[in-house]
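Just below sit the structures, each encoded as structure tokens.
The two complexes that follow have chain A in common; it is paired with chain B in the first and with chain C in the second.
Our next item is the complex of A and B:
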């Protein structure tokens, strides 16, 4: 895209947009040129909100969820059950669980899943912090809510061996057919897990 | 996404990202949470480049392309042919033509195409400015390089009737089969245009 017709300020914004995940050069230039069509308020408010995000948010020192106040609203909520701890990989997973409005316990955000081939090891996740929380006592059950993927399962298996000695009950989310799913199109692994997890009626 | 688990700074950035074209709420939250995983430099540089874009770029007062200097590098380039004017809808179209490295004339950017149903009328485009340029004299040919779509064709037809009285030669880009295309999959309109534009060998 080196071209006399395109000013440096435009090229640089295209390049910066391209660094975002899932944004290729075509989308990046579409996003950039969109701002050039008299949408400067949106460009400026996006700039402001990005700065705001960096300045105002941090990780909760207890559960490592993203928060503006430390401890986060969930950790400082007296009505949440501190005896149950749900371990998730990302803040978005925590959000998904909150949307169920069924879970009333606490959380622990690992900030990733183990992926040794991609260079993500145990020390890159908030596992030490999780151990420290459990050692402090008061937690009776840890729900491993990692993703139902090979990386998520590997992370859960690793956490199981590492947390077992601490003498706390460890569970994981149930496996089976998703709601609205179609048996015909269910993959073999999901069906196997659903068979294994079959329930008496 | 109203949720105690998600701080306002995060919600607002998600909402702002969602206003960008082609970015839905899922992508917006993925983009936002990406910045929360220790990528604050990228968030800040994106903020900086957005501000920079708004502050530094403007439209060239001659051709209305996006530029940092006025007139833009193409308009102030003595070696470009000022007798030929290529009319495009968007700066990205101009860039596409520049990439051919075959066109040595000047440009005029309309900033849109006529779409009365969407409320885009002639007065919303830089058509008055185009007329003024032609009235000044010196231009011998106007190439209408609007998109080969119904809106682009409509815009070209409108420009033809409006510019014809100015006594300048008006052409448009050739129509036919694109390079690398497959006759079997070519749509009927493209094939019709290709037949009409068939050339003696």
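Our next item is the complex of A and C:
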């Protein structure tokens, strides 16, 4: 039902907000009215930042990470090891790995994981581009850092069949018990992997 | 009668999708039917449930009933993990196909036989030497269970207005091919195939493929495991059953596409190996 008491600009913003993931009509109204009552600088800077996001960001032509300049800062950084390539599913996974400050190699972002039931197939991911990158040479090791879930494992298994013939060393991120976790609640697969990869102190 | 607030079931995880910030909806196939359940916080690394609700694992779960919302999984304990399926792309694709067919052919009705069939097929898929043979066997039994049992033993053709019904005993030396007619729901004898109107749906069936179809339908898997299953027959059955299943399902199974693509990539890479 259309409410004539609310100006169209407000209704339109509510509708736009509610198209965002995880935001329902009530949250959308709350956000809209917050901007209506709150400081106008915040609303304007939000608008500007969103515009910047759309206009300035793009995918890096080498690793397909989100970037403002092409190639991205990681790909153009001379000090990073180009012989090691870490394959991640999403740009957020790349950020998580960067936060460790332990990894100094380069990346490749697939933008998703294989899920045939949901209609995501190999051609929907940046796999062809990864293959082309490896064919060019220079990469000695590929680290498959997809999620340790069924979907991530399935994607890694597929990548293995595709990349094996290219003759590079292929590794998978280690798997074990999470920091702060509880042994009692660990599943058999995780515990088995943790036992296999135990380390001498 | 008031329903219990907490209940416990055992089931196989056939599907999952992300929900909200860190939750996941889990599709669990149980003997009492299919359930869609919400597993809260399961995507966080500290989750106590995460490893217990992976795809294709058989788990025991404790569920809280919530009115007007998803039922929520409060505890989960994995009984069978099936790491062999997770680590192998071909087996993983076949397992997804097994799950997709079960979810497409059946609604939420209770069906203990379906549950046992899916669970035992996944176990076989993990260990069997030839996963494609397991899938062929599963297709025949699932179709029978869903009420679409193909007739491979008798001819389903019509000649001069009369049903043919000839009993089919394919031999390797047979000169003329048999046929598969999804519309009529089964096999055609060589005469009916030759006499029939050419149709896009009818496909030719080699004697060896037909005898395998009969065997898959009438035998248990363990009785077939020792016989040689040539890859040529596997490819032929894949094609015939794809046509049969998409005709009756009125829908092309999605996972089949990944399956075909995979077979294609194997063909492409095999000469070099």
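Points to keep in mind about this one:
Rule of thumb we're sticking to: the second predicted complex is superposed on the first by the 187 of 201 C-alpha atoms of A that agree within 3 Å, B and C clash if a C-alpha of one lies under 4 Å from a C-alpha of the other, contacts with A are read in each partner's own complex, and residues count from 1 in each chain.
Just so we're on the same page, a contact is a pair of C-beta atoms (placed from the backbone, for glycine too) under 8 Å apart; a residue touches a chain by one contact, two chains touch by 3 or more.
Computed from a predicted structure; not experimentally measured.
Once the two complexes are overlaid on the shared chain, A:73 sits against chain B while remaining clear of chain C. When both complexes are overlaid on chain A, the residue A:181 reaches chain C alone and has no touch with chain B. Look at A:22: by the touch rule set out above, it reaches both chain B and chain C. Of the two partner chains placed by the overlay, only chain B lies in contact with A:6; chain C stays clear of it.
The residues of chain A shared by its contacts with chain B and with chain C are 22. Put simply, chain C touches chain A in their complex at residues 15-17, 20-21, 45-46, 48, 50-52, 54-56, 78, 81, 83, 86-89, 92-93, 96, 99-100, 254-255, 257-258, 261-262, 265-266, 269, 272-273. Residues 1, 3-10, 12-13, 16-17, 19-23, 27, 29-37, 40, 42-54, 56-57, 65-68, 72-74, 77, 90-92, 94-95, 98-99, 111-112 of chain B touch chain A in their complex. Of all residues in chain A, those touching chain C in their complex are 22, 114, 116-119, 121-122, 149-151, 153-154, 157-158, 160-162, 165, 178, 180-182, 185-190.
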